[in-house]
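Across the two complexes that follow, chain A remains constant while its partner is chain B and subsequently chain C.
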Partner chain A sequence: MSAPSEPADTPTAARSGAGVIHDIGYRGYQGPRLGRAYATRSLFVQGLRGAFGLGRSGRSKVLPMLILAAMVVPAAVLVAVTVLMKRTDQPIDYPQYLATFGLFSEIFLAAQAPVLLSRDLRNATVPLYFSRPITRGDYVRAKAAAMVAAMLIVTVLPLLVLYVGALLAGLDFGHNTTHLGYGLLAALLYSVVLSAVGLLIAASTPRRGFGVAAIMGFLVVSGGVAGVVEAVQSGPPTAASSADWAFLISPSDLVERFVNHVCGLVQSSSSSFGDTPGTLGAVVFGLEMVVIVAGAYALLLRRYRKI
Partner chain B sequence: MLQSPVQGTVARLTVRGLLGRRRGILLAVAPALLLLMSAVAASSNGDMHELTVTILARLGLGTLVPLLGLVVGTGVIATEIDDGSIVYLLAKPLPRWRIVTTKLTVAVLTIWLFSAVPTLLGGLLMYGTKDGLAVALTLGTMVAGAAYAALFLLLGVVSRNAVVIGLAYALIWESLIGNFVEGARTLSVQQWGLAVAKAVASDGTLTAEVALGTAVPLLLVATAGAIVLASVKLAGLTLSSDD
Partner chain C sequence: MSTSSPVIRTDGLTKRFPSVTALDQLTVEVQPGVVGLVGANGAGKSTLIKILLGLAPATSGTGQVLGLDIATEGSAIRELVGYMPEHDCLPPDVSATEFVVHMARMSGLPASAARERTADTLRHVGLYEERYRPMGGYSTGMKQRVKLAQALVHDPRLVLLDEPTNGLDPVGRDDMLALIRRVHSDFGISVLVTTHLLGELERTCDHLVVIDGGRLLRSSSTASFTEATQLLAVEVTDRPDDAGFDADAAVQERLTAAGLTVRTDGARILLVDIAGEETYDIIRDTVADLGLGLVRLEQRRHRVSEIFTQEAADVRTV
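Here is the complex of A and B:
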């Protein structure tokens, strides 16, 4: 670091014959210390921007922006259909929109959770963070908040497009506002539950590619297995209630069915909305979500206790 | 002079990179799941034919094989490109195409071990040797697995986002778009595998969207094309340090 000043110093020291310490004007930092909270907030903002590739190279912006577009564009198309066909209701309900296009938000999570966590592990920058005032808890809190916020942007934005479109098309204000509320609840639960699972997997591997495949693999395979278990359990498709317990395995089905039940979407519509197995089922589904989130967070904290 | 397409040392190192440490155990989750589901289904009293097709064709061939192909296909080469250790391999006096064929052979054999073997066992467990269904689905899995391995290996050489692009292909193109747009199914490795399986099984036991006459040439072109392209790309590989 001090290499440039050395050649000038050496002859001086040689001439005087003894070691001399020169005052070359170093000064301590006198300005305000912004503290732990500020550092945590910066880490959050930087993580949120990084999730969309902002502040990074153009090539890393392509993927998150494409996924964001894939989430929002169908909503815009649906709005256009509603307006042009002069329909009196939305072709798809708000929570159902997230269930249908949830695959994109899952891919977003799988692609970006390793960007937030695995790269720090890979490049060994985690010890650098922890050499600053922020604690392990702050680090995990900032990263988790950034991931949840990014997922919220991806899931809430298409809902807002649908809502504004519905109001512009002159649809019923009260009905749309209530169902937007249901949609927002679904968006929040998807974001929190899926992020918890994704971050936990991402934190366990320094390899980005492996993290992406593991997160997506878990989400997709758990959904597939739940479907097969349900098919095995339920003989005739009418008596499906007890077979619905199978969806405890799959985080995204868990959220979808919980929201459908709690918001009463199952009764109000004759279409094939997935349900929880009764009220007890809804309680169990809700409890499992709490356990997943709290457990994943605790494991994340434990993961960073020693690096 | 004719060289064997597989180079022993490179193959050994690739196997170690792929299955060493705990990674082999993680990969073994897929076959374990398939066998477990098969065992559960075999003990239930549902329609065995439908269950076999659901588990082995939809869950196995439709979901687990692409995911396995993705992890293994990119795992044999993309991870090395990612951490830069590929330069030590490229610096050796080996033709680049031999590196590609060696790594592809390892990938294909691994996928067969982790997907075709449990498919055969699960099929025999659930449906016995009736209609040749178990053997047919195993063959379909092998063919599709090899094609996935070649395609995802190529992706790993071409792009740093190989895993995400591969996921987008396997999930969005083959599943989501394939459900709505019929034409998309023609360009789906999964359907090519099903076409092969259908040709082997007794009439009427399996359905495939693509005719065998279309599927086999497409399979060959895709696999061979991926090998050639990957060799060419690897010959002029540039390492960039961007994320």
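Here is the complex of A and C:
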């Protein structure tokens, strides 16, 4: 039984005799062990960095950085336009900016939600996490928080560019601050609702490509179908109509129209602002968002209970 | 190192799934050291590891790991235990260093300590310059080393190694077994290692726990496994003047008549179970009576595998 340990000893002696420094034998660890909460935070940070390709290969940084640019550059251009043309208001309202460029944040979600969840499933890293202090609930919490935070970065950053630009251009402070608030509400709801949908789909497949296609497909198709149904039913685009119920099936429209209604943006300006079907519609839209988020989270927890 | 208290203790541990009973009233104590958990595929090894890590609740029975209760203190257990899974678990697009640092932090080590321990641990398992390259390009042996490193990086008091030699060539296997020995002898970390290859455990483990069908077959020191029943290898000469005489058959017949258990190993060697001191005398007298020359009379040990297959067969027929 002592045979296997002998070869380990011999080179140690030989090397220390030769004065090589690096073989200093095994050292234990007596330092602090920071436990579950710290580990969960570490997983969150790793996930957030990973969503932007940080700490991963150079290639995986390309898409998130392009998306970030696609979200922010138009905002900078709009600011430039505002300044150059000496306009007295922004050419586009804050929540409307997010709705207009929503496709980019959806692409970001579709590409990165599988990075956060499918990769761990595919590489079978999940059991390694669960053999450490964190629980399955901590894992889901950290990943969900990372996805929402990444989405917030993508959506809030252009709003801040618009806002700072507006202030530098000397536009009305009160109006812009209020509408930035509306924008932030929209950004938060987009981030939370879309992340819920995206993560749920991503957790169901270990294949990243599959996840990307499924998420993108769901968001685009649901939005497209809702738009077609609404157009067929209502004829010319007008204000509140029963056809707007069609948007119940599209998460991004749900957020857009809910924010427009709640923040009173529909009455204040042009008809390009989509609305919910009346106050009842706003309540239903709001409830549906709660159901989507809570339901997706519960299903995620259930998904990871079995692993 | 406290040698008195067991690192693992289970009492009547039972795990039932709707269709199968994975663990059946398992009561076992595992002392510090290198302990082999032996069993065929589906014997309940993986289920036991999951329950010990506090990841799956037992249907009934209790257990402690490092004195912590598996049902209520899973998180604390997992902080002090390392786990090396059987399957591949390494993301291919990340370097070993980056991966192990992350896993160290997941075990609660502060960032600076995580980096320091990662460098140390990867060196100890034998990964040098290649640790900065993405793991997708690693050989099986290197991957196994990284998997071991991530289980050791937080300096646990116990590591659970699930089939660590799977997929390795003979040289890689020997290296891994030597490394596992060092984990205990040099690092002072207790090891529970599962395998279905018994020959490996014989050389590596101090103690063996054999389970089959979720039940404890046997738990004892490796030495007692191999010494419990000893054999004598007997080789005799032919009669020089009588070529037609089958010396082996004659000896075997006489010894069997004297109440001894005798087998041949197919190469002119008779294997005789030692029943006591008198066995030596009987063999000597028998050979002398027949007028043969005694070429070889030496002690042989049973291999663990023989005992295992024998006992498993016994249990199944009961």
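We adopt the following convention: the second predicted complex is superposed on the first by the 271 of 307 C-alpha atoms of A that agree within 3 Å, B and C clash if a C-alpha of one lies under 4 Å from a C-alpha of the other, contacts with A are read in each partner's own complex, and residues count from 1 in each chain.
Throughout what follows, a residue touches a chain if its C-beta (ideal position, glycine included) is under 8 Å from a C-beta of that chain, and two chains touch if they have at least 3 such contacts.
Since the model is a prediction, treat every value here as computed from it, not as a measurement.
A.B. asks: On chain A, which partner touches more residues: chain B or chain C?
C.D. replies: Touching more residues of chain A than the other partner does is C.
A.B. asks: Classify the contacts of A:A110 with the two partner chains as first (chain B alone), second (chain C alone), both, or neither.
C.D. replies: first
A.B. asks: Does the superposition put A:R56 against chain B (first), chain C (second), both, or neither?
C.D. replies: In the superposition, A:R56 contacts both chain B and chain C.
A.B. asks: A:G31 contacts which: chain B (first), chain C (second), both, neither?
C.D. replies: A:G31: touches chain C, not chain B.
A.B. asks: Tell me the contact category for A:Y297 with respect to chain B and chain C: first, second, both or neither.
C.D. replies: Touch partners of A:Y297: none, neither chain B nor chain C.
A.B. asks: Applying the document's definition of touch, where does A:R119 land relative to chain B and chain C: first, second, both, or neither?
C.D. replies: In the superposed model, A:R119 contacts both chain B and chain C.
A.B. asks: Please indicate which partner A:V212 is in contact with in the superposed arrangement: first for chain B, second for chain C, both, or neither.
C.D. replies: first
A.B. asks: Check the residue A:A39 against both partner chains and state whether it touches chain B (first), chain C (second), both, or neither.
C.D. replies: Second partner only.
A.B. asks: Take the contacts of chain A with chain B and those with chain C, and give the residues found in both.
C.D. replies: 56-57, 60, 119
A.B. asks: Give the list of chain C residues in touch with chain A in this complex.
C.D. replies: 53, 55, 75-76, 78-79, 81-83, 85, 87-94, 98, 102-103, 105-110, 113, 117, 120, 123-124, 134, 150, 154-155, 177-178, 181-182, 185-188, 203-204, 206, 222-223
A.B. asks: Would you mind writing out the residues of chain A in touch with chain B in their complex?
C.D. replies: 56-57, 59-60, 63, 103-104, 107, 110-111, 115, 119, 207-210, 212-214, 216-217, 220-221, 224-225, 228-229, 231-233, 235
A.B. asks: What part of chain B is in contact with chain A in the complex they form?
C.D. replies: 26, 30, 33, 37, 40-41, 44, 46, 51, 54-55, 58-59, 62-64, 67, 70-71, 74-75, 78-79, 82, 160-164, 167-168, 171-172, 176, 242-243
A.B. asks: With touch defined as at the start, can you tell me which chain A residues reach chain C in the complex?
C.D. replies: Chain A residues touching chain C: 1, 3-5, 7-8, 22, 25-29, 31-36, 38-39, 42-43, 46, 55-57, 60, 119, 123-125, 127-135.
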